[in-house]
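Take a look at the structures below.
Look at the two complexes coming up: chain A is in both, with chain B in one and chain C in the other.
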Partner chain A sequence: SLTDSHIQYERVGADVTMKCGSMDWDAAVTWTANGTDIDESHLNGSYLILKNVDLTQSGQYSCYEGSSWHLKYQTYLRVGTPPKEPVLMCRSNNYPKGFYCSWHLPTPTYIPNSFNISVIHGTKEMVCEKDVFPKNRCHIRYLQLFSTVKYKVTLTVTNALGKNSTTATFDEFAIVKPDPPESVVAKPVPNNPRRLEVSWQNPSSWPDPESFPLKFFLRYRPLILDQWQHVELSDGTSHTITDAYAGKEYIIQVAAKDNDIGTWSDWSVAVHATPWTEEPKHLTTEAQVTETTSASTSSFMPPPTTKICDKGAVVGSGAMAVCWTAGLVLAAYGVLFI
Partner chain B sequence: MAAADSPSAAFQRRDLCSRGIRLAGKMRSDVIDLLDTYVERQGLDASASVAAAVEGVPVAAAERWDEQTGTQRLLENLAAYRAFRALLAQMLEEQREQLGEADAALGRALAAVLLQVSAFSYHLEELLRLESHGPPSEERAASPPPPHLGLFERKLRGLGVLRELAQWAVRSARDLRQLAKSGPSSSSAPSPPESP
Partner chain C sequence: GDSWGLFTFLCAALCNLPALPALNCTEEPGAGHSIQKTYHLTRYLELQLRTLAGTYLNYLGPPFNEPDFNPPRLVRVERVPSATVDLDLWRGLTDNARLAANYRAYSRLLCYLRALDGQGTAELRHRLGHFCSSLQGLVLSIAGVMSSLGYPLPAGGSPAPPGTSPLAPNDFLKKMDDFWLLKELQTWLWRSAKDFNRLKKKVPPAVVTLRLEARGF
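Coming up: the complex of A and B.
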């Protein structure tokens, strides 16, 4: 028996007419969709008429000769849409090695699409090597550095129902955006109730931080507040926060930027840390020894506005004496309330 | 003069490189501000396209930049900044003729950048002396006289000069970092910079 099997692409909302191969119009036939008989109301003679098709009507359509049930025609109907203008983004997270461009469609087409990308620098066409995964990305190696000539990247997306394209034009410096810093760690500083030590590493994708140093932006806030504190750091991969509220849990993030060009990275993964707090001490007064109730375990937290043990003061043993004296005063104050 | 690879020379090189990097950073920042002023005062569109290679303007773009020796970097930088010194001096003169005292701010900004370019050139000469090569004579590195241009072409050329200078300022900072990182320059004879 003769069969004709192929893929047929149709737009959503289109009217589709399927012929049963070489069968005459007045031949007796049966149509099935995914193995299920199609009602005769959809037939015009031996032709199958599908009006205003939608995505649910994608599937395998088969036509059988009436009496013999010989398969006369088969097609796979794919209902979809032509592509809308694709979204294209180019970025260099590994400067000065090169840059990558990635793309996606703003809405799915529901049928296969192919993408073609061209990169032009001045009069020169450059090769964009497609990634195996993800498939919507390709890489370009810089052939020149420090050029004022812009790059022009054109992406064309094509499917069986149409094509669309978009172009991005940019200069070398504008697209430089490192990945966020890695391995961010925040730790309390022993015996320092207002400090947190934060350290991080350069993003591993940044190939040469020595020649192309990064600067960093650190932001932190206690969980109980919405407002961030910010610190910009021109070198080094660590910083000590010295104005943390004692005993409060903090959330901390870091971002990176090339020292000279481009834009800030996204924020790093957030880390949490709480400044060091003193272990609660049991006071050995006579009143406490004779108490029959459970032992008091009050812990004294200096108010956030306390400046006695601020970073400006905690330098050398003189300042430590000031802090110790303050601790005694507070301890005595607390005893009054037991 | 200390040998190029002696400890004191290494310290001097690092110090000169660090100061040069800071100079280049300040210069770039000022050139970018000057670009904004220039575009506004000259009635240009900030996104105006200037020919890729404006005659006589040293192009910062470099192929195989990472493969250059320290001496090559210094020589190329020096040739560029000497050319920019002449170009900026000419722009300053043209600006005074064209606008006179009507735009003192632009004139002052141009003069300030010209001063920084001169200072940076001197800084590069010091680094070259330290590399035991010595800077090439000024006459050899001088740019040929620019072509005669109409007013609009001169304005566009000025835009091209400043844009390229901004690129050079970034490149110079990178070059000096490479120089500081790599230590004494290679023993191969320095190749003279290509004439613009």
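Coming up: the complex of A and C.
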């Protein structure tokens, strides 16, 4: 019927002419855009002329017969662009199970697009199963391993205004890139002010670490410096840093790679840790500690001050006398050896 | 597991029997160590091949030295057993079959590589020669692993000399053959790293060997 909804796609910058259905050119009509009347200056007879359309002009356009106000024509105008060359990326984060490809458009088209992906291996066409989430992603299972023939993936994107495509060709081994290691934990080591113990796990997406072992790359730096230190580890999922600066907070990350093929994963989530430091002693006990040490230790101790024999710290006057004597003896020693 | 216990018992039992010639139970690095060595050899060769292939493909010229050169595989006589294999099949290979496949492949690859000798620049010939020596070392290393595990070496060592096999009818097809030879070699080296990884896990690191020493009664 005449009032059926109809969608019209036009390019940004195009000139659009809309006819009022089957009405004659010289018929008296009124056009509206999203319910708002359109000024007569845009009309050429009963045709609506939109020059150099832009995105803001998308909307519902309706045409009414002059006096009766009958709806004669309606269309939904969608202004957009044909697709630019899409960006395609294929990667195997679950070797040897298979690989996935994901894609996106570098700039939006503002109108609906459909994607078609084809995978050719030698003479065989393979099916790439589309993922539910995220969309714009599909996955393939390897039927054969250690292939000498490359895979050729072609992605075509189509919309009402045009189409575009891109192709990626690669060897099975070239696209292997694991996900980053998981559950990275960094802990101080008690009584070791320069150590940090780091541990992590294989990425859960890597299906067979027994036959396809991963190696790891660890990087760490104190927050206050820009320079990273690196350690490459060919096995094991833990490492002890032994050259940390005492008392400084560190930032640590780990990456993974198949032992023999492919490329390094992205860096893991960063973890922070500070090496163990000795607890500062409480003030009331400090006097008793220094009292003991000054009586038994070296001549390098400076002559004790009256602080040692703080009235509050010492119990009983007898102790006070002993205190002073010890102080004098040590002062004598101190003078001798300075 | 159980076999270990039995072995140790046997060793202890035999060593304690006074009437027999004295038996020396010693632990040697054995197969596990050789597997590790062979694994490292494949990695070394893979690295060497990258330089060699680059030089050789440049010598062949375009389109062979183009990075996205992806020709269809012409069905000619399969000279070298392909590394390509079904995943479940590869997983299920016995140690013997796994090693034998590697041994056969590299023996033949070595033969065909040697036939490339005498081509190209002096630098290329030198690199090829060096690579062939290393590849020979790999073949011997695999043979060593097989014999230490008690597996027989695959029969029919070397195939018919290249001169007698059907030659490529023209220069371009001959270059294609060379291209695929290098491709096949590269793929085998990638596969071998995985093969030897699997073997490393399955063969114990030390093998107890019994040495019979005749001692005067």
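Heads up, the rule we're going with is that the second predicted complex is superposed on the first by the 278 of 338 C-alpha atoms of A that agree within 3 Å, B and C clash if a C-alpha of one lies under 4 Å from a C-alpha of the other, contacts with A are read in each partner's own complex, and residues count from 1 in each chain.
The rule is simple: a contact is a pair of C-beta atoms (placed from the backbone, for glycine too) under 8 Å apart; a residue touches a chain by one contact, two chains touch by 3 or more.
Note that the coordinates shown come from a computational prediction; the quantities given were computed from them, not determined experimentally.
Taken together through their common chain A, the two structures put chain B and chain C in a clash. Set against each other, chain B and chain C touch different numbers of residues in chain A, with C touching more.
Of the two partner chains, both chain B and chain C are touched by A:L143. Residue contacts after overlaying the shared chain place A:F173 against chain B and chain C alike.
In the overlay built on the shared chain, the residue A:V12 is in contact with neither chain B nor chain C.
By the document's definition of touching, of the two partners only chain C reaches A:K152; chain B does not. In the superposition on chain A, A:M126 contacts neither chain B nor chain C. Of the two partner chains, both chain B and chain C are touched by A:E210.
Of the two partner chains placed by the overlay, chain B and chain C both lie in contact with A:P96. On chain A, the patch touched by chain B and the patch touched by chain C overlap at residues 96, 122, 143-149, 173, 210-213, 260-261. The touching residues of chain A, when paired with chain B in their complex, are 96, 122, 143-149, 173, 210-213, 260-261. The touching residues of chain C, when paired with chain A in their complex, are 43, 46, 68, 70, 72-73, 82-87, 90-91, 180, 183-184, 186-188, 190-191, 193-194, 197-198, 201. Here chain B touches chain A in the complex through residues 25, 28, 52, 59-63, 65-66, 163-164, 167-168, 170-171, 173-174, 177-178, 181, going by the rule given at the top. Residues 96, 122-123, 142-150, 152, 169, 173, 210-213, 259-261 of chain A are the ones that touch chain C when the two sit in their complex.
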